[in-house]
Each structure stands twice: as C-alpha cells, then as structure tokens.
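Take a look at the structures below.
After this come two complexes, each holding chain A, first together with chain B and then together with chain C.
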Partner chain A sequence: MTREEALAGIVEVLKTIKMANPKGLKNITEESDFIADLGLPSTELINIVAKAEDQFDLEFDDDDIDDLGSKVKDTVDLILKTAEAN
Partner chain B sequence: MRGRQVAVVGMGGVFPSCASLSEFEEKLFTNQSLIREWELATNFGKQLRSSVCGFVTLEEAGLEAVYSRSNPAYPEHYFDLKKRIPLQHTATADIGSIWAMLSSLDAIAMAKWEQDAVQSERTGVTIGSGGGGHEVLRQAWNSFFHNGKKSRSIGGHGVDRAMGYRDAANVSCLIKNKGICEGMGSACATGLGNIGYAYRMIKFGLQDRMLAGGVEGTSIETFVGFDAMSVLSRGYLPAESSRPFDRTRNGFVCSFGGAVVALEELESARARGAEIIAVIDGYFNNSDGDGDMFAPSFEGQQRLWKGLRSEVPTLHPEVVKVHGTSTPVGDGIELFSTIDALGETGYHIAAPKSQFGHMLGAAGSVEFIACLLMLKNQKTTPCLNANWLAETLEPVQEMEDWQGTQKTVSEFRHLLPTAAVATPIHQLVSLNYGFGGTNSGIILSRHGSN
Partner chain C sequence: MTEPNRKAWLASDPREILLHGPSKIYLDHHWWFYPSTGIVGSYEVQAKDVHDHFGVFRGVDMIESAGQTGVSACSMLFAYIDLKSAPEVQQRFIMAFLGLGQAVFHDFVEQGETLVNVCAIHQYKFRQIRFSAVVYKAHEPAEIAPYFAHLPEDQLGVAPVPESFKKVAEFTDFIGRAINRNKI
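Now for the complex of A and B:
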C-alpha cells in the first residue's frame, strides 16, 4: 500500500464523519489536523480509527492508538505500519 | 409546606403520526387514532404477537439516519434536516435524546425565555426515559460479543447515546443551562415523575425555571420486551387496538414519542408578562408497598388520591386524565379508585392512550400536554373505543378483601365519553403508574381559577 492510497482511504472515511468541516475536506493533506483543520472534537478520533480499520481490513495495535497524534499523517503512518506487519 | 407557585409556560413534543403540536391537538379533539401498523414489527412475522404501534417516522420528525458501513443496522448519527440541532449535539444523541432536544427548543420558544435566563444557574433540566438505550446497545453488543470485533468498532458514542440520563444530558449540553441536570426513572410514570420533581424544585426554591418531561425513542427492542410478556394488544385494526375500559380490551399498544414542558415560578412568569398555560396546584407520588412488581393496587391508588387531596384540600377536578392502558387488570382498578376518591358524578374521564397508545417513559409528559390542551380548548379528550362496558364484576371486585364499589364498569358510562366533550374545565388531575408499584398524580388548573 502506498501513502497516497492510505490518504485516499482516509478521505473516504472522513466523508462519512458528518461533523467534519466541509471546507477542510476539500484540501486534505498529510499535514491536515483532524481537530484544528477539520473542526472535529477529540472524541471523534476513535471513530476515524475504527472506520479506517474497517476501510483497510486491518486491526491496529491498542498501544499505537493510545499514542496516535491528531494529524492525518499519523494515521497514514499507522495504516502503513500495520499493513506491512500483516 | 406551601412553597412557591409553579406555572407551565411552554411545551413541545414529538407525537405519533403528527408533524407538529398543532396537528396533535387537532387530531386529539377530533377523536382520531394515531396508531398504525408498524412495518418494523410486521417484518418479524410470527416472532411477534403484536404489530400495532404509535410511532413517528424519521421523515415526519425532519430527521435522517446515517448508518454504519461496517454495521448497516446501526444508526451511527442522526441528521437534523431542518438544522434545529447542531451536528455536535446530534452526534451524542440517540433518537429519543434528539426528540428531547427538539421538544425542549419548542418549549423554550413558547415560554419566550431569553438566553440569559436559559443559561443561568436557576434553570434546570430533568428528563427521563423508560428504556435503556437498547437501539444503540444491541448493535454494540452484537459487534463485540457475537462478531468478536474490537470494542471501538461501534465508535466513541456508545456511552453518551445509551446512558441512563442521556436525554437530560443532551438537552443540557444543547441549551447550556447551569442549574441541575438529572433524569428520573419510574418506568411508565417517568414522564410525569420528572415533571413532578421539577415542580418541587421550583416550589421549594431550588430552581426558578425547569425543562421537564420524558421521551421513549423508537426501539423494536423495547417492543419485543413487552411483546414477550403477552401484554400488548392484538387482533384489532390499529385504530381500534387501544380500548381502555372496553370489556374486550386485551392489552396496551406500545408506542414511542416524547414531550417536554417549561415550568417557571409563577410570580416571575407573571412579572415578565408570560402566557400562563396552566398552574400546577400539587403533585404527589407513592408506592404500592405490596411487593408486586406489576399488579396495580387499589389501596396504593387510594393513598395516592389521599395525598393529592392533602396537596389541594378543595380538590374538585372536572376531568381526570387516567393512565388507562387498555390492559384487562389495570383499567377497572383505576376507574374504581377514582370513583372512591371523587364519587360517581361531576367529572369526565379522559384516556388519551386510547388515541396514541402507551408511550412508556414518555406517557406522563405527552399526556400532561394532552391535559394542557384540554384546559386550553375546554374540551376533554375521549376514551376512544370504550364501546362495550362490562356488565359483570371485574375479577378484582370478586376478591374477598375488595373494598371498592360493587357496581359494574357499565354503570359508569356517563364518566367515559367515547368522543371529545366540550365542558368547562377549571381543574384536572393527571395520573400515571409504573412497574415497581409506583403511582403519581398531578393537579393542574387554569390560571386564575383558584
């Protein structure tokens, strides 16, 4: 899986998160921040993670989720790391 | 203790087969039934005994559900198509909590409470529900226990959307009040219990304004629970299925909806020129104390009436809005305890569950609004379908220790109108009971009647 594929998958996930700021959704990059740029409350991050697991048919490690940052690249990294380990 | 007087200054609700309060009002006084065949129940075929229900569709309520991709049965987020509730508040709400928020916004608008008043330390919220967030929890538990998925598969809103006082919590977060926020639970007396509690909070000076009521969000899981007890009506057309006091009644109609009222200390409401919809003259609640979870108690209801009279010694209602569920056991006892307290003439009995079924935790608050509308319209709602009254004694009257009337239900035809009746109403009593042997009653009057 490439970083671009992971990012595209996250964008698909974010389209299902109704609270995401529509303007922020148009210009998502790996530097985008779920909270600062997409206007999401921190409680939504676990929903993004759970939906990303479903999107890529992966299961993330609980410790990795505990340490996860709020930038898109953090989730991209986690997706790639978990996919490689499988 | 006399305490302060309490006014009702606003109301709002989500009612079966209705898009608005005015539609609800119009249907109530034109003797219409709000009960329909429920497709969600008929889809289960012979797994369910009953399939009639009073319900409101998402479309009727101006809502849309977004379902989970990984679990298509799970409505992970409700959308307010009319943009009355911001997304961050619908995200934390099950369907009942959304109804609580919509009802509260309508009640506040009718009360004309300014933002400063709503958001003060003197404004509280107490709203409860009979059910336990089953719609959310069933999907969460299926995902975890049966499908072996991680707990997070259900998302981060399993708790806030299913916790016991979710309705009050969601309303409080929406309106940002700084007074109390609680949810009382007393099964089918929940709606009235919360209003009674709110009344006491204002009466005894702990709050000046309260939003209070009950909701029962649509839940096939709740319906299944009562269907399993064989207590739901079956065998009738939907409009004929709820028939309190009729001798052929065979169970209640499980319904869903919600209502919230705005209460305010009377003098402050008067001072700001608010429209006083009604004044609460008294509230009383008690328990049967007989160790029986389900059976209504004539003696418990006698003590309830005694308590109501202690609140208002001159008690003389023109209307008694009964719990009147349409179950074989309950209606007779309730009729006889009312007669025991008020005599055999001089008032009408209204049984609005005959029109919209039994909304469980919402029943007390929706029926409280029906009472407010009776005061406004000076009409009593009917005991729809109470067509054939028993000419033989009820089973409870043949028990050795029976202390009530020896007359049959048919001898009280004059109390049980099958159509709305125009009549002067200065005072009325609203009654609700619940599993666990809990009894509650509230006395309402027109402002200036006392």
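Now for the complex of A and C:
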C-alpha cells in the first residue's frame, strides 16, 4: 500500500464523519489536523481509526492508538505500519 | 468474555475496581453486564451526598454515578479482559471521563433512595467507550436484583422496568477512556 492510497482511504472515511468541517474536507493533506483543520473533537479520532480498520481490513493495536497524533499523516503512518506487519 | 468471568465480575465490589477514593464513589453494586450491550449499577444516596444541598442528590453527582457505572467500571473491565490482572490495570491506566452530550433531569433523589444507572453501550474501541444512560430511582430496591438477574441481553431498554422504578434522568453520548498513565 502506498501513502497516497492510505490518504485516499482516510478521505473516504472522513466523508462519513458527520462532524467533519466540510471546508476542511476539500483540501486534506497529510499535514491536515483532524482537530484544528476539520473541527473534530479529540474523542472522534477513535471513530476515525475504527473506520480506517474496516476500510483497509486491518486491526490496530490499542497501544498504537495511545501514541496516535491528531494529524492525518499520523494515521497514514499507522495504516502503513500495520499493513506492513500483516 | 466467558460466562463464569462475567458472573464473577458482576459479583465483585465496585470499590475494588474503581480508582476513586471512598468519598467519591457513587456506585454500590453491578447488577447486569454484557460487553457489547450495556451495564447496570446502583447507588444508595448517603447523608454526605446531600449535605449543604437542600437534602437532595446533586445532578452533577448523578452524572458522576452514571459515569462511574459506565466509564470506570466498563473501561476497567475491558482492560481487565486484556490484561487478566486488576492490579496491573490499576497501575497502567487512569479512567478518564471525556465527554457528555445532553443531560436531562426529570426528578430529584433524596438521601436513602437508590439510583439505578442503566447504561447502553454504543461503542467500545481502543479502550474508549461511548454510551447513554437512563437513571431510575427504585422505590423498592429489593426489586432491582431479581429484575436484572432475569433480564436477557437483548432486553435492556426494551423490556418494561418494574413499576417501582421512576425515571429521574437521561444522559446521552457519554464518552470515557482508559488512558495509559505513561502517556499522560
């Protein structure tokens, strides 16, 4: 899986998150921040990564989520790391 | 979670599970629990809880009681399922109450009355739990145990509650999480 594919999958996930700021959804990059740029509460990050698990058919480790930052690139890294390990 | 483990946990004392000090625990018993469905706990309001507050239990403490039922007890339980060791869980995690949607109060609760927190779990993922709660006061506390002992998993919030239960509050979108102490 490439970073571009991971990012595209995250964008698809974000389209299903009702609380995401529509303006923020238009220009998502790896540097976008779920909280600052998309207006999401920090508790919603769990929902995003849970949906990303389904999107990519992966299973993230609880401890990895403890370390997860709020930028899109952090979730991209997590997806690639988990996919590589599988 | 095996059935024997579920029953053993239900029989456990919340004071041994919660990290709060004794004066801040608002949960006496667990009555019902299915990890993917919900959890039920109760608390009898004490004199200390209504002191300097018109003889009634504060709404914020009612939220805390429901929160302890759902957030603390459930987060602890789920972590316990993973780690198989309550002391290790208490060493590694702090149970944090992160958010609440709407709180609606229908009635008040006085000293000596028993609250029943019926928490419906909507999501548990990565040690974060999201649930809603309906709080009753049980005019006949002796009815609590038999009612929940025979309540099937698919009937929480569906089957009618005993007539002696009076709804006092409803809380939506509770969110809590077991946070690793090393990450704070």
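Just so we're on the same page, the second predicted complex is superposed on the first by the 86 of 86 C-alpha atoms of A that agree within 3 Å, B and C clash if a C-alpha of one lies under 4 Å from a C-alpha of the other, contacts with A are read in each partner's own complex, and residues count from 1 in each chain.
Following the convention adopted for this analysis, a residue touches a chain if its C-beta (ideal position, glycine included) is under 8 Å from a C-beta of that chain, and two chains touch if they have at least 3 such contacts.
Computed from a prediction, not measured in an experiment: that's the story for all the values here.
Asks: Based on the shared chain A superposition, would you classify chain B and chain C as clashing or fitting together?
Replies: With chain A aligned, chain B runs into chain C, so clash.
Asks: Check the residue A:V49 against both partner chains and state whether it touches chain B (first), chain C (second), both, or neither.
Replies: Both partners.
Asks: With the two complexes superposed on chain A, say which partner A:E59 touches: chain B (first), chain C (second), both, or neither.
Replies: first
Asks: For A:D37, is the partner it touches chain B (first), chain C (second), both, or none of the two (neither)?
Replies: A:D37: touches no partner chain.
Asks: Could you look at A:D67 and tell me whether it touches chain B, chain C, both or neither (first, second, both, neither)?
Replies: The answer is second: A:D67 touches chain C but not chain B.
Asks: Which partner does A:T16 reach: the first (chain B), the second (chain C), both, or neither?
Replies: It touches chain B, and chain C stays clear.
Asks: So which positions on chain A get touched by both chain B and chain C?
Replies: In chain A, residues 41, 43, 46-47, 49-50, 65 are touched by chain B and also by chain C.
Asks: How about chain C: which of its residues touch chain A in the complex?
Replies: Residues in contact with chain A: 82, 98-99, 123, 125-128, 130, 175, 177, 179-180, 183.
Asks: Along chain B, where are the residues that touch chain A in the complex?
Replies: 66, 69-70, 77, 79, 87-88, 91, 150, 152-157
Asks: Which chain A residues qualify as touching chain C in the complex?
Replies: 41-43, 46-47, 49-50, 60, 62-63, 65-67
Asks: Please name which positions on chain A make contact with chain B in the complex.
Replies: For this pair, the touching residues of chain A are 16, 18-19, 41, 43-47, 49-51, 53-54, 59, 65.
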